[in-house]
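Below are the structure tokens for one structure; questions will follow.
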Amino acid sequence: MDNTTPSVNPFDRLLDLLCFTPLGLLALLVLVVLPLVPPFNQEYLVRWLVSAAFIASLAIAFDFTAGLINIVNFGYCAIMGLGGYTSAILAERIGLSPWLGMLAGGVTAAVLGLIIGMITLRLRGIFAACLAWFFGLALMGLATKMVWLTRGPLGMRVDRLFETQSNVPYYYLCLALMVGIYIICKWVTRTRMGVAFKAIGQNMEAARTSGINPVFYRVSNFVLSCALGGVLGGFYAHYYGILTPDMMHTSKTVEVLAVAYIGGRGSLWGGAAIAFPFIFAMELVRSSLTNLPGLNLLLYGLLLIVVMIYYPGGFAQFFDTYVRKPKNRMMDYFLNGACGSAK
Amino acid sequence: MIVLETKELTKQFGGLTAVNAVSMHINEGDIVGLIGPNGAGKTTLVNAMAGLNPPTSGQVFIFGENTTGKTPEKMCRRGLSRTFQIPVPFPKMTVLENVMTATIFGNRPGTIRDPAAHSRQMLEFVDFPIAEDTISEQLNTVQLKRLDLARALASGPKLLFLDELASGLSEGELKDMITLIFKIRDQGITILMIEHIMQLIMNLCNRLVCIQFGTKIAEGTTEEVANDPAVTKAYLGDAALDCAPDAQQPA
Amino acid sequence: MLLEVKRLNAGYGFLQILRDVSLTVDTGEYVCLVGPNGAGKSTTLKTIAGLVTPMGGEIRFDGENIGGLPGNQVARRGISLVSEAMNLFVNMTVQENLAMGAYTIRDKKAQKDRLDFVYDLFPRLVERRNQLAGTMSGGERKMLAIGRGLMPNPKLLLVDEPSFGLAPLLTENVFQSLDTLVSQGVTIMLVEQNVTKTLAVTDRGYVLENGRIELSGKSSDLACDAHVRKVFLGV
Amino acid sequence: AKTLKVGVLGPFTGPSAKNGAEFKASVEMALDKIDYTVGDYKLEIVWIDSQSDPAKAASAYAEAVERKGIDCAMQNWHSSVAVAAMDVAAQYKIPHWFGFGATEVVNEKWKADPEKYSYWGGKGWPIPAKMALGYVECLENAIADGSYKPKSKSVAIYGEDTDWGRSLGGALKGFFADKGWEIVSEDYFALTQTDFYPLLGKYKKKNVAVLAGTSTAAPTMTAFVKQAGEVGLRSVIIADGLGWMGDWYKMAGPASNGVLDMIPQLTTKEAQKWATDIKAKYGFYPSPSAGGLCYDGTNMFIKILKRTLEKYGKLDKVTIHKTFVEEIHTGKLTFGKADGALIMNEYRYNADSVPDPVVAKDGYYFPVIQYTNGKGDIVFPDDWKVKPFMAK
Amino acid sequence: MVEQVEKRIWERVLKWCRSLAGLTVIATVVIALLATLDRGGYVLVNTVVTGGMTALVAMGLALTLGVLNIPMFAHGEYFMIGTLVAYYVFTPISEYVSTHPESLLAFWGPLVTIVAAMIIGALAGVASELLVFRQLRKRSRENWVMNSFLLTVGLSVVLINAHQLFFGADFKGIVGYWSGMPFSIMDVYISKDRGIAFILAAVVVAAFWFFMTYTRTGRAIRAVSQDETGALMVGIGLNGILLLTMSLSCALAAIAGAGLLFMYPSYPSVGLEPLYMAWFVVILAGLGNVLGAVMGAFMVALLKVLTVEYIGSGWDFVVPSALIIVILIFKPSGIFGSEVRGVLDK
């Protein structure tokens, strides 16, 4: 909200425009080169990278609703699944290109987001979360029972996006999606819309009497968040090559939610930052301790409990309070950027 | 000129009629007091007029236009603001951000160049005692009410509803409050206030409306209403005698 | 001394509100605590009642240090708080609320006696005994809150802003009830914004400003004190 | 010595973990016997947990290839996993042996690009349509010889809502309809459902003569059978899959008397010894259709490895795949009772059948059995039967 | 005088009938009767029996919501603990009984099992309260509903996987508790297990209701649910009550689990379905409304039975979800109204 000082050089201004700090940019660069350097150039690690980037993107888009307007969209993965199914069905039935399919997935998800947004309008907190949850369950039920369309639990086979067998292109695509989603979300929060989101998330009545139209802002928030989820669903479909109603299950939403909250609600970047180490740690435990099946999930549950008890603000809050206040000016620039906004 | 008028306004909650066919009006430049026992329906009446709880039946006219059932955000754009009996502004925002939100959304886009400066001005205007970067959940009730007032003023109202703005103030602070409300009135803002503190009512208001069990029992100039036996019986008790208007009332 | 508070420090989280507050209340006294907004009056009462944990200092009640005990333990020792927010059980009836007030009394007969006492004091509650507390008007709730505070036959009753948000008629009623109680021998510590009124009815008073006790003395003396008049009455 | 890393794909965690446990036990038993050696190769097992989820299974599979460096793989339980895993196998050119996953989809996919999917060597379980006829014939026979007189020729189809449940249900429906039975209803329920009172009440009202269907989840299937008894249904119940889990009778109890199932029996001495060995070592009785088939599949894989070594002098993914194409898909290499097969007479594949094994009485064949007190007796086909079919 | 009282009661009944709660209850009963006439007695009987069991699970969930203000996602896991304990207690008993059929245990064994499950369930509740929820409560009450909800999500993951790790993933089930012929009501057969489980549920629900309304401790629990500070002020030990409530709620879930072992064998994620059912009920009835949950359980049961009857098996997720969405739209606080403050006010 502050005016930028005129002495800022063009690089910093661009960076600020893209909502990145120098640290954030560095992190992004690391992610970009990661699949090219050993040991990360092995395909299975690239797969882990893809799933981390995927969860990270979902966490950002999820946090856009949960963190900003304080409504937990508990059916988020079902909406993502809707995007995936749309894209897959269009590709299969009318041969639509997967790229357009992903967009179409975004559009259907957005329409559903519009409906859920309109309906939850009158509801608060936990009720809205429950409603979204039951929407998700109903959607999953439909995907299970509309066998003629989705093949139900039998799973729907989808053509993959790229011809190659390598996962690297998928990784870059997903990374690009992640950065794009982050920038879109962050941009929106910088406009007056962002102020409105914060306001209606905190006190609906005061927001309304201050002249904020909650219908418009709440619904647009839902629509954007769901649309992004739908696009990601399209990516999921054309990456894994198979869709089952299970991908819409609550436990999938829980995974996203855990990453977003451990990362730090409302920060947008927290979930993305935490997703990579989190997914890698989980996969490592799982694949190294195969004789103790379930141990990785047990650890993940414990982690969630510990974070929630001792640091409910998540990683972002920790970072903001302890790391982000350096004495040194160079460090300060590095961590906070020249203009002091974002990542 | 009449800035606000209600016709047979009624509001029911389930079986309970909280406001029962109330017709009243407010003239431009007035400070009107709305009094009545606890649970009489004052807050409900104000909510119905401000669009927060649409009335069950009856009509509201604001600046001559029928605004019955219009949403509060639309009312706000038309120049109606209000404070809350139990204020909880945006708890996680700083004091300044709170006011800025109203500045940004309450005024037509483009009319205010520098929202931050405008908001600071508002805080100054209401004499806000605490640093502007305090997170507002750390404020106490009285400070919250003051903040709520600044927020309400920031959206540039022509008509302002105040719901028990002064409860919890000590006698000295009441004096400051009286001065402040006159200052607001002098900006050309018409005021409707709910209040239980007779000292304030008697000093500030030129007209009073008294309701009981949701029904209007008296309306008129301050003296008329305050001396109305029905009002004395229902509301004031002996206390009315203690709080005759002060001599030093500014013109 | 019934209650002796020595150099009490207290606050919320890292935010300290009370600084070295010391005060005493003797059995049968009617004492008031006045001060401007945010001075920490409610915090003082809440700390005595065990709802806020003290950061330092001592609270002696009947000779025993009760500082740091949780609220329920304090209540068991005979201190009752009628809080600003009243904290009624909104989905219980008046009678049930009063019964909860006597939670610490296990003797059925004694409970009955206390109930009769409260109903005598506030006949209005008798009429409403089967109404849900959440549906009562503000003044009735205040009566109920005071009534509930009296149920355990407390040695010390702490009352926080009984007139807050009440219509003048009801305010009058509440003050009269408090007077009656004092005349029946209950020890009361009152916090109230209406300073003139408060100083007129109580015996002794403390003035709290910015978390410190600035003045204390007989209420009639305080009422004439120049500082008090300047701070509270603006004259 | 040289090592050959063999992946074993199975649901080791998740809802079907019990099957995973049977897989694990059977594979270990088979490999223990040869001391994990084939020729001068040491076999090293890499467990690949499918977690009953195709997406996760695909990741885990790829990881096993790249990180743990498996050269070949075997087994699998779920159809949905098979559909996903066969792509991964094709991608890395990993020969995969004996994956279960009965679904027609696998066959369709396979046939669409036989070269690419030839890595999905041979299925461990043929499509349901090839098996389900037995039930209908069994009942028709009984009607013909007068030992079974249904009030009406009506049948209700039920099943778990998965590829497996629907394909078997569909097949049964077709066969029954062909023989002039009336299909009263067709219901598919969630894999985890265990309360069938409403559904069974409906069947009771309609007075259905036969209930026919399947579920792979033991709690589901046993609950269905048990509750059918409780609501007083007198219908003949076909509960395909009831006996697949070793300990099923502990849950189903006497309500299972008279229920029909298709399950290979542990008829031979070796087979029974194998079962007691597993019980002694792992603490549970294995089922012939999960553990037993897996055990046979593993042994057949060992035979394949031996042949490959013989023929090409080395074991790697290329040579093993060559054996698949040249020896198995042509029907040259088979595995039968003489080789020590416990369950089937002979596992044999040919150009027409691939990826399925040849279904025939002397090949891969499930007899129909009827339970009494937890023990199944073959009631069909006639030349194997030990007891006649008995209506309730 | 008597007449007047009668008239008063009559008026109140009439008023209740015209309220949403009354209308839905009446509609439920009417629909149930119509469906029974249409399809036969089993519709009614199944509804009642299924409803009783659902009530047990839902009541515990409503209790944690109402008193502790925790939207419990791990409730199913206490159900799972109930099944697990019951399996390990009952298996030896049933082996003993099979060799000594005349022993008293043939009848009392199952009850012993259920009581054991109840005790362990209560202990599990105590452990979770002490190790998890109290730790959070000590640190911060801010955003409590959401934070505690996430805690329960974590708890659920931990418990499911702990089961998998220590007890394996196989199905640990039994044939049944009581042997013997099924009862028959209205030409519908009900197994002894189901019948007794229903009676058990009815007894527990009644006892629980009595406890909550008439005992000192029960009242204290309700008081805490309505105002924690108020409860402290009148001398109610908050920690004790919270602990008690948690253990009660978990014990209820465990009783349900143990009572239904014959239908739900124990395995790690057995609790998911009961959890969903319980949430359906609790939302339908109103968050935290314990007695409403009992009524709601029967409604959900009817809905389930009718869905299977008229639409088909497997739709019993879609239809209730859709209905609950509709209810939330028109009456967010549920049919019987919500008693939760933190949820409603914030």
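Lettered A, B, C, D and E in written order, each chain numbered from 1.
In this text, a residue touches a chain if its C-beta (ideal position, glycine included) is under 8 Å from a C-beta of that chain, and two chains touch if they have at least 3 such contacts.
Fair warning: this is a prediction, and the values are worked out from it, not measured in the lab.
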item	value
Shortest contact path, chain A to chain C, counted in steps	2
Touching chain A and also chain E, the following chains	D
Core chain by centroid distance, with centroids computed from Cα atoms only	E
Most distant chain from chain B, judged by the mean position of its C-alpha atoms	D
Where chain B and chain E are represented by their mean Cα positions, the distance between them in whole Å	47
Averaged-CA centre spacing for the pair chain D and chain A, given as whole angstrom	40
Separation of chain C from chain D, taking each centre as the mean of its C-alpha atoms, in whole Å	76
Multi-partner residues of chain D (at least 2 other chains)	13, 17, 161, 190
Residues of chain B touching at least two other chains	none
Shared interface positions of chain C, touching two or more other chains	none
Which chain pairs touch, all of them	A-B, A-D, A-E, B-C, C-E, D-E
Complex interface listing, chain A residues touching chain B	1, 192, 195-196, 198-199, 202-203, 205-214
Sites on chain D touched by chain E in the complex	13-15, 17-18, 20-21, 158, 161, 185, 187-190, 192-195, 197-199, 201-202, 204-205, 218-219, 222-223, 226-227, 230-232, 245, 247, 250-255, 284
Chain A-facing residues of chain B, complex	50, 52, 71-73, 75-77, 81-82, 84, 87-93, 97, 100-102, 104-107, 116, 148, 151-152, 154-155
Interface residues, chain C side, partner chain E - complex	49-51, 70-73, 75-76, 80-81, 83, 85-92, 96, 99-104, 148-149, 151-152
Touching residues on chain D, where the partner in the complex is chain A	12-13, 17, 47, 49, 53-55, 58-60, 62-63, 65-67, 79-80, 83-84, 87, 91-92, 103, 105, 109, 161-163, 166, 190-191
